[in-house]
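We just call them A, B, C, D, E and F in the order they show up, numbering each chain from 1.
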Amino acid sequence: MLRLNPPGFLRFGQAHTFDIAFGGGEANVSASLANFGMATDFVTRLPKNDLGEACLAYLRSHGVGTAKIIRGGSRIGIYFLENGAVQRGSKVIYDREGSSIAQIQKGMIDWEAVFADADWFHWTGITPAVSESLCGVCLEGIVKARQMGLTVSCDLNYRAKLWQWGKKAKEVMPELVRGCDIAVGNEEDADKVFGIKAPDTDVVAGRVEAEKFAAVAEGLKQAFPNLKLIGITLRGSISASHNTWSGILYDGAQLYRGAVFDITDIVDRVGGGDAFVGGLIYGLRTYGNDLQKALDFAIAASCLKHSVIGDFNLATVDEVEKIMAGETSGRVSR
Amino acid sequence: MLRLNPPGFLRFGQAHTFDIAFGGGEANVSASLANFGMATDFVTRLPKNDLGEACLAYLRSHGVGTAKIIRGGSRIGIYFLENGAVQRGSKVIYDREGSSIAQIQKGMIDWEAVFADADWFHWTGITPAVSESLCGVCLEGIVKARQMGLTVSCDLNYRAKLWQWGKKAKEVMPELVRGCDIAVGNEEDADKVFGIKAPDTDVVAGRVEAEKFAAVAEGLKQAFPNLKLIGITLRGSISASHNTWSGILYDGAQLYRGAVFDITDIVDRVGGGDAFVGGLIYGLRTYGNDLQKALDFAIAASCLKHSVIGDFNLATVDEVEKIMAGETSGRVSR
Amino acid sequence: MLRLNPPGFLRFGQAHTFDIAFGGGEANVSASLANFGMATDFVTRLPKNDLGEACLAYLRSHGVGTAKIIRGGSRIGIYFLENGAVQRGSKVIYDREGSSIAQIQKGMIDWEAVFADADWFHWTGITPAVSESLCGVCLEGIVKARQMGLTVSCDLNYRAKLWQWGKKAKEVMPELVRGCDIAVGNEEDADKVFGIKAPDTDVVAGRVEAEKFAAVAEGLKQAFPNLKLIGITLRGSISASHNTWSGILYDGAQLYRGAVFDITDIVDRVGGGDAFVGGLIYGLRTYGNDLQKALDFAIAASCLKHSVIGDFNLATVDEVEKIMAGETSGRVSR
Amino acid sequence: MLRLNPPGFLRFGQAHTFDIAFGGGEANVSASLANFGMATDFVTRLPKNDLGEACLAYLRSHGVGTAKIIRGGSRIGIYFLENGAVQRGSKVIYDREGSSIAQIQKGMIDWEAVFADADWFHWTGITPAVSESLCGVCLEGIVKARQMGLTVSCDLNYRAKLWQWGKKAKEVMPELVRGCDIAVGNEEDADKVFGIKAPDTDVVAGRVEAEKFAAVAEGLKQAFPNLKLIGITLRGSISASHNTWSGILYDGAQLYRGAVFDITDIVDRVGGGDAFVGGLIYGLRTYGNDLQKALDFAIAASCLKHSVIGDFNLATVDEVEKIMAGETSGRVSR
Amino acid sequence: MLRLNPPGFLRFGQAHTFDIAFGGGEANVSASLANFGMATDFVTRLPKNDLGEACLAYLRSHGVGTAKIIRGGSRIGIYFLENGAVQRGSKVIYDREGSSIAQIQKGMIDWEAVFADADWFHWTGITPAVSESLCGVCLEGIVKARQMGLTVSCDLNYRAKLWQWGKKAKEVMPELVRGCDIAVGNEEDADKVFGIKAPDTDVVAGRVEAEKFAAVAEGLKQAFPNLKLIGITLRGSISASHNTWSGILYDGAQLYRGAVFDITDIVDRVGGGDAFVGGLIYGLRTYGNDLQKALDFAIAASCLKHSVIGDFNLATVDEVEKIMAGETSGRVSR
Amino acid sequence: MLRLNPPGFLRFGQAHTFDIAFGGGEANVSASLANFGMATDFVTRLPKNDLGEACLAYLRSHGVGTAKIIRGGSRIGIYFLENGAVQRGSKVIYDREGSSIAQIQKGMIDWEAVFADADWFHWTGITPAVSESLCGVCLEGIVKARQMGLTVSCDLNYRAKLWQWGKKAKEVMPELVRGCDIAVGNEEDADKVFGIKAPDTDVVAGRVEAEKFAAVAEGLKQAFPNLKLIGITLRGSISASHNTWSGILYDGAQLYRGAVFDITDIVDRVGGGDAFVGGLIYGLRTYGNDLQKALDFAIAASCLKHSVIGDFNLATVDEVEKIMAGETSGRVSR
């Protein structure tokens, strides 16, 4: 997706220029992994025009593999982002109807070839929400990935404004999630998609209580016994400029809790959840069975994302590990 | 339409920001007239979101009336513009499928109310090209305008990449043009839409010969006897940075020729034809029967447009009249 | 007034560009009302040059009526604004001597025509401070507005650096305020203009105590029994980047208190008081006798202003009502 | 003077930022000399505020001495500049009424101290045009300079829009010019100020004929026998983007002609005349009696000015000498 | 190399920002080929820091392979570029002493691995000029490339300011060129490096006469019989804004001449020669033995480069072929 | 040094432009003093190219004397700065190898002439770290300054990444510091350079305890009895966006403590220590023996630096004195 946002804190009505970036759930995770040095490919469909080329160039520049992207259709999806501040929240206008990826048809992607050298497939709940045919292609990929023995992870990522194509998330997502090994979400996703609620939470007020969210993780595990690992991101929204941030991980047996970060001067919170997933996948592949360390990496990585403009998390492994080690003082590195 | 273009001479693949403007055939003519001090309203359909609001604000800032614009649909049409230089031509990517105006339906615009205080209706050949329903609404407007006694003018404005909705320009345009009093176009429009050709012209080489184009004007008159006035713009394309520019006017009896301007350092040629129409309508309403003066105003106005960034011609009446008087030396006014 | 400010946090001596906006007390209130969807006209005098035109276009783009603005004089007033941060306060350089509005003369504005369709007239204490003749025109307007039955409101807005034309605020303002129904100010205005002090307040330290300011409201009521409603804005200045913000309303009988907002990452605080007035007028006209709700709207609206660049408050009614409902978490709206 | 101009080719009504520079006749000459390595001081009056400081910093950065500038008054003069292109000329809005320099009074400048170490005094016809008191101060300077034996030069620089203070150029300038050794101007200055005309010239059409302008130089010499040297700049205005440029020098005996430069892609022509004067003073002081070389240096220097943004000519002596040597091919220097 | 240049036409002393790009002879050729869709790798040495990473990302974004780039050393070479206009030429400041590539040592690049899948090796005369060790590494590459049967091409690219390491171009280049199949240069390269002169040429004046340059091509062939193909670029420098541009190709038997392009509004001429080489290599590989077509492609491609900002030529094959077909009118493509 | 930094919060890999400034330890102190109105000269060596000229212009614009700067060598040192936010610290890449100042040789600076009119010499620990020859020149200066009776002050300024020329700080600095009257540093400098540690401090956590640092001051006094005054800056790093800031002063007898400032929205912390030194030197020279006031000035001045972009502290004496007086509320000054 092409991301267009007025510079700094300008509102849509004040903008005379848009800053250009590209992003979107799966692309963001792919970029995180590439940035941490892992080989990764982003699979999507882009139009054959200069905007499609620009998107490819952007992905390549961030080290994301683009060889498996197919071309066709008439337009690239766009999202317009207005950056919020203090009490004024950020605003997103989606303009993805009729995009090349929304108009994809089953069979267009050769999943067997796509997965030939792969061992992991990640998708997000935004994808099946966009169009019926894309939902079908997503399921196609999940099924093939399982067949070929890949680990399958998903980010529930509920977006109420999408899901306009006929079916609702709660009707469709269960089948998709049943094909997954790992699911990540927040309390809103679990509630809105599966009706699983955290008791008594008051996220708006900024209090983040990991214990309460354990119930969400457990609820997801009960609903989807196939899930070997469930991650929950915990965002406390004090204002558009100040959030708390943490996460938990649940493997069906043990609940892992991470540090809570106080993010006081948010630069760009879009992509924070994707940065968590990117960090988690990196952590799981790097630290093996040390789930605590994988969680800590995921939280630290996504904490740093809030200081980076754009959808992509550009924090390096070194920088994430510094945060994990408690060096959050932001001293000048020279 | 939202116009997004990389700043200066950057190519699409190099852009990190887009400059924002709004434009489009009829809007550009409306803005020209507003800029010359004439009351004018732009009629279209815009989505109910912040981009729709931004478009309204932009039109209002240029003095264009917006009270007759209806709201609804899901997106604003976009066109991406890459500015050319020397041998490299400018490039346009249209992204207007599914736009609010493309999805307009007959009956949505209350043409009677729209025309209540009006005495002139202008439309361009881009409008019926966008979608079948929009084509219908355009015809609706033309018919009602004639009924209510307005002068109806059109710019043929052939765009090959549009006309994707089933019928072609040559099938549709004749009926629409038969409802008009005035038509403006260039030799390519006449050829592509009605098969009327100028003999032996070599526009690319920059030679502009008014005589030859008289045949085009006459051909149009014969095909559409309803046309009281036919204008032809004459662009000689030496390079993306250097054009010659002129026009002719034909009232069925006499052919009026204008000065040929040498535009050596083009700043932005998009909207040049619309500026000609805007100037012509202003001229016809201001100078009464002095068709030569109306033509001269139209050419001088649109000549100046080439030095103005954006689709809208911001030349003032004073500035146009200076050019008409031969003051093209570009001296500092202080 | 033309507002010129170095971008971001650059100091005057570092600026190589100025960001351009237009603003000023009454214009800001007008823009607030237009933004909330109310018909409004701004009355002023602007020079007949391109800067005057640019100001008109800016006002029009924000929906402010400009038909009653007169043209003449030699220059538009300018104010230069340097944006502060943390301990470094913002800095304003006024350059309005000899401006078209300062040189206005009695009789130039046809107040009867201006007020023909109006039911409300708002002015600020900055206006009579600029020049003797402008002070006279302001009084002219107040008198005519009362005659014609309009509600008259004022913002005391004391600016020490103005009032250079001979008389001081305390000599002039009483007569003007005696023509008003509603007055808004802060503790400094009341003190400097009328010698009415709040007991024991320490605003600098950031503690805002509504009770103490009740005395100011009461003092104003006693001095000006004509005032049916008195509003006081309460700003606690912790630093240039962090303020607390609230307000009270007093109708002579009851004191209404509003929520106190903690504004931690101020984007632009200029125009905060005008946004309060704009919100108050909107609230009073919308919520009828529910003064508490009107006050809450005023505070919430002006709280949001601090996150918006420029003098004008671009918060929508929806956004203000969300804040009134306690949704200050700044979550992304998508 | 503060110079504010919309970036690139934006018109005043399109600008959202102004580029900042400082300039003005005498300052420009001073900067030219500083840039060529000559010690120079600019004498003016600036307000005691951050804009005054910014002007000082700007002058210092270009090597212009600022120790003799006095401070006081309320505002810095401003000029707004819109950059023209092709047929659309550049536009200047002066906003210098009430500026610190306009309000200067006789006696404020200690001319004796100012000239203590100086041997040259240059002034322009803009200065006496601004206000009566400034005209008086200018004369004060000329008289004192002559007394102390300095060479006095002037640029006639006629600006019709100035001269609003009561007397006209033709009433005032003769006395001032009678105190000079050297005068520079163009055919318009000579005509408008002294009624000395060039026969049959058609500058607009771009034809520059040095011979015809010899008459102007001779006319000036006859009117002011005190002038030892008269320079005339010859600008042929083909369009705002394309000028021809040359000059002549006349010492009462011989007429020196320079090369004619074809300036096809003008970047910024403001200050071109001042660059000629700066180059001439440098040339006269450097090449002694070789008037041809001094003229050639002046023309080459001011030719280069047209490729430099801002009022100041930043061409170096090396660069000017290359042009004098005929190296106008604009090859990359690496 | 990191390329830093003041935006637009600002001079070094006026810049408050630098535009960032990356470039350099071989990189530019590589980018041309990638842009035309050919697989290509750039071989160099970059420091292990964020600037090295940024260079890699830039190359990747343009499709250039980076897998063979080695990392190490302390700094990336920089060149500062000031964009000229009209009579003022562009200016380059090299800052490449001590760069990672300058400090490379023989053996650091595993040429055998680098050439494993390759069939073409291109180098430029800038490389051996930078440092003695880099010159050695370049020779190492040429020798290995010949051994492994690659086609070897070079661009003579004489830069007088380089060659500071002890030996001069004329001492070193012959050995390097003797290892080549194809050489490209201009008349200055041939003269300065090998003492081969074109008779009577006056390039500065803009006259380009292919016949005269045939002698240069023949001279090179006689000096280096190993050269199967010799290309000469013909630049006529009328001003920094206006050049003519063409080229010739000589295979020892026949001289091929190309069209002469008039480039009137140069956007960025840096990299023009590299774009010629990139086009020539593409043409030779695509059109087989049709040397005329290869030359035409090379000239058209490099003509278009002059309208593209940055060192890299971003013209597509389609765009180049349009120019070859004579479509140089720069019409809008929509 | 040339300072190049991506605008706003962009990371190195995202930057398409660099903001340009100049700075470095001693230059920053010099600029502080000039800004406070004291005559000051910066002594360094700059290359004879346009970047050297730009540095001179920048210094001059800030009022720093440049007459004692010598020219030569091949390049200006560069440092690249990435601005951090919240948990992500700022990052500096030094690129100063082979710079003109690094390649200076003893005898190049005529210290006797430099110090002719001076009474104070300040240097920082960065200077001897850069190269052996520069270390020698620095010692040369210190010795001559003492001989000529100047006060000598130093900032210990330990930079681990420098000191690559053979000797380490602990081997070299003692001799240099023995030539000083005043030394300023932080706890890290004292520890890393002289092994003098503060007991039990936990600066990262943001707690700043002046008492503990008294031990550091005393340790320095014991090690260097020549030091008449020792200043310690106390920075508490809560995050990259939020620091506490204070300082102490020790004259061998009494310990002076200053206020602790809470800097919540840091704009640019680079140069904070230099701003402290600049403030201290100003304070010592202005307030005579009132060491408390000198310290308070130093802390307040450097507190304000954190709100100013660039290395140079642009706070005025008035602004600093306001902070000293407790006015830290950041109210708008108008």
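Keep this in mind: contacts are C-beta pairs under 8 Å (C-beta built on N, C-alpha and C of every residue); 3 or more make two chains touch, one makes a residue touch a chain.
Just so you know, these numbers come straight off a predicted model, no measurement behind them.
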Chains shared as neighbours by chain B and chain D?
-> C, E
Note, CA centroid farthest from chain A's centroid sits on chain D
Using mean Cα positions as chain centres, tell me which chain lies farthest from chain F.
-> B
Between chain B and chain E, two touching copies, which fits better, same or different residues at the interface, with half of the numbers shared as the threshold?
-> different
Could you put a whole-Å number on the gap between the CA centroids of chain C and chain D?
-> 45
So how far apart, in whole Å, are chain B and chain F when each is placed at the average of its C-alpha atoms?
-> 62
Mind pulling the chain E residues that touch 2 or more other chains?
-> 8, 11, 13, 16, 57, 91, 264-265
Which chains are in touch, pair by pair?
-> A-B, A-C, A-E, A-F, B-C, B-D, B-E, C-D, C-F, D-E, D-F, E-F
For the complex, which residues does chain D have touching chain E?
-> 8, 261, 263-267, 303-304, 306-310, 314-315, 319, 323, 327-334
Residue positions on chain F within touch of chain D in the complex are 57-58, 60-63
Contacting residues of chain D [partner chain C, same complex] | 4, 7, 11-13, 15-20, 49-51, 53-54, 57, 74-75, 78, 80, 82, 91, 93, 95, 97-98
Given the complex with chain F, which residues does chain C contribute to the contact?
-> 8-11, 13-14, 84-92, 94, 159, 161, 203-204, 206, 237-242, 264-265, 269-270
